[in-house]
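Below you'll find the structures, each written out as structure tokens.
Heads up, the next two complexes both have chain A, just with different partners, chain B and then chain C.
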Partner chain A sequence: MSVVFDDIISKKIWDGKLPIQISLNPSESHSLTEPIFIEAARCSYLPLVTEHLASIYNGLGIDLTNTDVWYDYQGEPLKWHYPVGLLYDLSGSKDRPWRITVHFQDFPNDILLKSPSVEAAQDIFMAMVKQADFLRHGTTKRVMNLSKNDQSQLWESLSLDRFDEYWNVNQHLIADSDSLRYVPLRIYLSNQCPVIQEVVSFTNEGNPKVLGDVLKDILPDLFPSKSATPMTHGIRLPLDTPIRWASQNLSFPDNFLHVVICNEDS
Partner chain B sequence: MDELLVLQETSDPATAKLSEQEGETHLTVEYHIVYSPGYQVPVLYFNGYDAGKKKRTPLSLKEGTALSLDELYQWIISKEMQQSLQHGNRLSQQGSISQEDHPILGFPFYYIHPCETQSMMRLISHDINIHSYIKSWLSLIGPTIGCTLSHQLFLSSPTNK
Partner chain C sequence: MSYKDLILESLTTRDEKEHAFHEITIANQQLVQKVITLQLKEKQLEAAMKTAQIQNETLTQAAEYAKAQGSPEHQQRVAELDRRIHDLNEERAEMYKTQSGNAQRLVHMNEQLQKATETEKRNSAEYDSYYLFIYLLWIKHVNSDKKNPRKPFRIKKLTASVKQLGTKCDLQTEQLREKDIAIQILQDELAAIQLEITTTEERNKKLEKENAQLLQRWLDKMNQEAEKMNEATEFYENFLEQARNVGQTIRKTSGGKWVMRPSSSSDKSKPDRRVHAATVVLPVSPCKKMALSDGELFCIKASSTGSMFATGGSDKKLRIYDAKTGNVTMALGGSLQSITSICFNPSDELVLGSSTDNSTRIWQLSTGRIRHTLTGHIGKVFAAQFTADSKRVVSGSHDRTLKVWDLQRGYCIRTIFTFSSCNDLTLADVEGQTLVSGHLDNNLRLWDTRTGNGIKELTGVHTGQITSVSISPMYPNGDALLTNSRDNTLKMIDLRMYDIVATFQAPSYKNGANWSRSCYSPDGSYIAAGSADGSLHIWNTLTRNLETTLKDHKGVMCGVSWSPVGDYLYTAETNKNVCIYNTAFQV
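Up next is the complex of A and B:
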């Protein structure tokens, strides 16, 4: 039985946006003192946000070609290789707009990966796409068989917000089948906790798994439970969500499910 | 988390002595072997530190500034591999050198990308049992980034099963 690709849900996930208020760091003196307001796609990445704000940053006298731009939320540097929506859900903030600060100096090399450029973000994105392919099928040949143009198109359509162009390519990678091996899934407990990624199969002795089964295997001390709830794209997920449907329709553009475990009460 | 195997090679630091006017500078390199759930193979993570440049940060395991990839190429990575700089950090068959958050420690480490490991290990698959896998794997990819193994590990002896 094949899983139907839910294009309505998929489009809603793609179109998810976050209002963000970006303040400048007062200790880095600038002519502009007003914060910047933008609406960022949850599926986007901070280096792409930086690129969209290039004209504003240039107006402040910042030479972007020579500057490592980074952002923090309440003093915590934000990982530029994580999708924006994941960063927001992970922060636990309920603010709208989400209030973060931009920095042009003192890049925290010990905390953030170096060189937060669009090219570096694209490299890491493609590494995740390859890993998702390997997990689902046991080889990376679907990604490696894409033409160079198609490979670039995955990232470019994400950065230009072109849903149809993205899926023109991604449909070849994510085609559902009955012989999928492992679920591309990363679980986040909090910023201080290492990311949890384990080898998780789609079925249990032929029976399709639901999200609750997977979480019980990986986090037996938290699931089943009344206080912990899985969230992705700001959506609290029911535990009886079929994992194959979730992987097909709720993944980020890198074809991974990124799930944050939150407190039920928050 | 018990599936993650970590071996910290702090007992075998690679050191490079630089002669400077102020005296000698010592670099320390640490290597970690971590299991990759994505590719189901071991991955070699590494970072180098220059104790001479005093910059304490709360997350540094070692005192001193972390070395950049260029500095690692200069001091740690074997000369034969220097040309790989032109080919996007590729260490011939082993995979590329990239950077990501250490899976357990959570802060930036360099690592050799594991996507080629399976096919590399298949080339020498005769006689590899689970106990010799790590030794064989490390002997293949370690030396190019300065992580060498004593030949004693490969001598058969009554205690060395």
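Up next is the complex of A and C:
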């Protein structure tokens, strides 16, 4: 049974945007004291946000080539290799705009990965894509067979917000087939817990799995229960969502399902 | 609802909430950008303002400084004025000094004047007292005389004597004054005479100095002249030596006496060859006619000293004759074929004969034996000549070469290819560096004997083959080269500019042989050539006119040769006859 590629939902996922209010660190004196507002795509990454704000940062006298820019939410440094939407959902914040602070000094080397540049983000993104491909098909043949142009196009179209160009390339990777092996899935509980990434197959003795089954397998203590809800892209996922469909349509641009488990509140 | 619808609904709600801030965010971003740019501009303006302020400060500083100093012109003027003030002050000080000096002198003068007036007063006072005394005496005497009747007489006597004494006294004072005047005059004269003495003494000294100088110069001049005399005598000796060696360049009047020119250019390095008047006389008739030799005559040549002449011809013998008598003194044999040309060396010790047997032979005249046989030509040798030092011989042949032979080594040291058979050749200078040759192809060619290179080829000079080339005895001062050709003309060619100076021809003159030789007179004033009909033609080189024609031969003339001494002209015709003409200048 082939799974239909759902345009509408896919587009909505891609277009998800977050309003962010970026305040400058008061301990670092700058000529600008007012916060900066920006709309960042949920699928984007923090280094890309830095890049968009480059002109403003330069105007403040920051030399971006020498500085490690990092953000924090309420004192917690934000992992720059996670998509912005995931960071927002993980933070549990409900405020719109999302109030974060930008720092140009004292990069917390012990908490964050080094050198938060766009190139590094691109490398991590491609690594995730390859991982997803491997998990789905058992080889990274599809990714590797993409031309260099196509590989860079994946990232370029993400950074430039080009939906069609992205899917031009990605459809080769996501192309549905019956011989899918494992689900590329990451489950986040809270900031302190390690990320759960387990081998989950698409089918359960021949039957297609739903999200509830998968969660039950991975977190038998939490599921089935009424207090925990899986969230992704800021929406609650119904437990009867077929996992194959979800993987195809609800993944982040790196073809992974990033699911945050949070407390049930309406 | 299906999961899809649920998800779609959730997404839509989410978007509504989260996209509400879209416009605000954009507006905020724009404002932030503007703020940033304005801040930048502000910074730039501040920086510009600062620099402008700094400039302003420096300019105001400079302006103040300039004002304080005053412009450079003002400064200059100020300095000038200071200097002038200084100078004026100095002048004033000097003036004061002179003024004080003058005041002192004035005081001094006043003192002197006072003294003088005092003395005068004293003197006059003395005179006054003296007169007074006399008067008193006289009064006394008069009073006393009133008692004595003889007193008037005595009084008269006394008054007379007083008068006499007074007049005497006046006379004396007059005389004194005159004497004073005389003394003054004499003193003036003395001063003047002393001045004169000093000036005359000075003049005397000067004249003595000049005298000494002139004496010195005269001595030097005498020394120089003495040296010159020495040089002249030395040179004379040398020249005589040279003259004996260089047979062709001697210029002698009859009797072998030198004619000295009055100008001073005569004692330069080259012997002066200019002689005033022509020292040869045109021959009128032969003094001797001889029929000699057993075969045809081809050449005749006078010796370098003029003591003999030689003929050569088809009888293979070279005959030497005494110049005056015309008798045969020697017959030199050894040649294998006829002799074509003869040359004596400058000292007349050797004579060469070139022959149609392709060789040139050199005989020693004292012994009559052959000294050298120069073989090497592959054609008939038609002309040969000694160089001035008698160490080399140049020969020209019908094998189209010229050869230079070294007599000390005995072989040919240079062969010059001439493109055409050579009929006659001559050396153009005393050292033997330049060689002139006349050829069968009507051309004249000049060669450098040292390198063997051709210097010049003169074409178009003649229209027939060149039969004779001879160098003027006056070379390099006169016209240079005489060429004779089968086109029946003789031409004189200037070897410096390579142009034809003169052409000699006559209706009666025809060149009769391919080896017919013409020559200059020893003083260069005439040229002689023999014609095909046996007549001897003589032209004047200065006027270019044909002077005389003497028909004393019957056949084709083969050669003429003028003795370097100038006393005889020898002519030969092919038909064995030789004529000797006396051309000596009878004083």
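As a convention for this text, the second predicted complex is superposed on the first by the 265 of 266 C-alpha atoms of A that agree within 3 Å, B and C clash if a C-alpha of one lies under 4 Å from a C-alpha of the other, contacts with A are read in each partner's own complex, and residues count from 1 in each chain.
Keep in mind that, in the parts below, contacts are C-beta pairs under 8 Å (C-beta built on N, C-alpha and C of every residue); 3 or more make two chains touch, one makes a residue touch a chain.
Quick caveat, the model's predicted, so the values are computed rather than measured.
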item	value
Simultaneous placement of chain C and chain B on chain A, clash or fit	fit
First (chain B), second (chain C), both or neither touched by A:E198	first
Cα-centre angle that chain B and chain C span when viewed from chain A, reported as a multiple of 10 degrees	70
A:D95 touches, of chain B and chain C: first, second, both or neither?	neither
Chain A residues touched by each partner, larger count belonging to chain B or chain C	C
Which superposed partner A:D15 touches (first chain B, second chain C, both, neither)	second
Which of chain B and chain C A:A127 touches, first, second, both or neither	first
Least C-alpha distance (whole Å) that remains between chain C and chain B when both complexes are overlaid	28
Intersection of chain A interface sets (partners chain B, chain C)	none
Partner chain B, residues of chain A touching it in the complex	79, 81, 108-114, 123-124, 127, 130-131, 134-135, 140, 192-199
Chain C to chain A touching residues, read off their complex	3-4, 6-8, 10-12, 14-15, 17-22, 24-26, 28-29, 32-33, 35-37, 39-40
Chain C-touching residues of chain A, taken from the complex the two chains share	6, 8-9, 12-13, 15-19, 31-32, 34, 36-39, 55-56, 59-60, 96-97, 233-238, 240-242, 250
Complex contacts: residues of chain B adjacent to chain A	1, 3, 37-40, 57, 59-60, 66, 68-69, 98-108, 113, 115
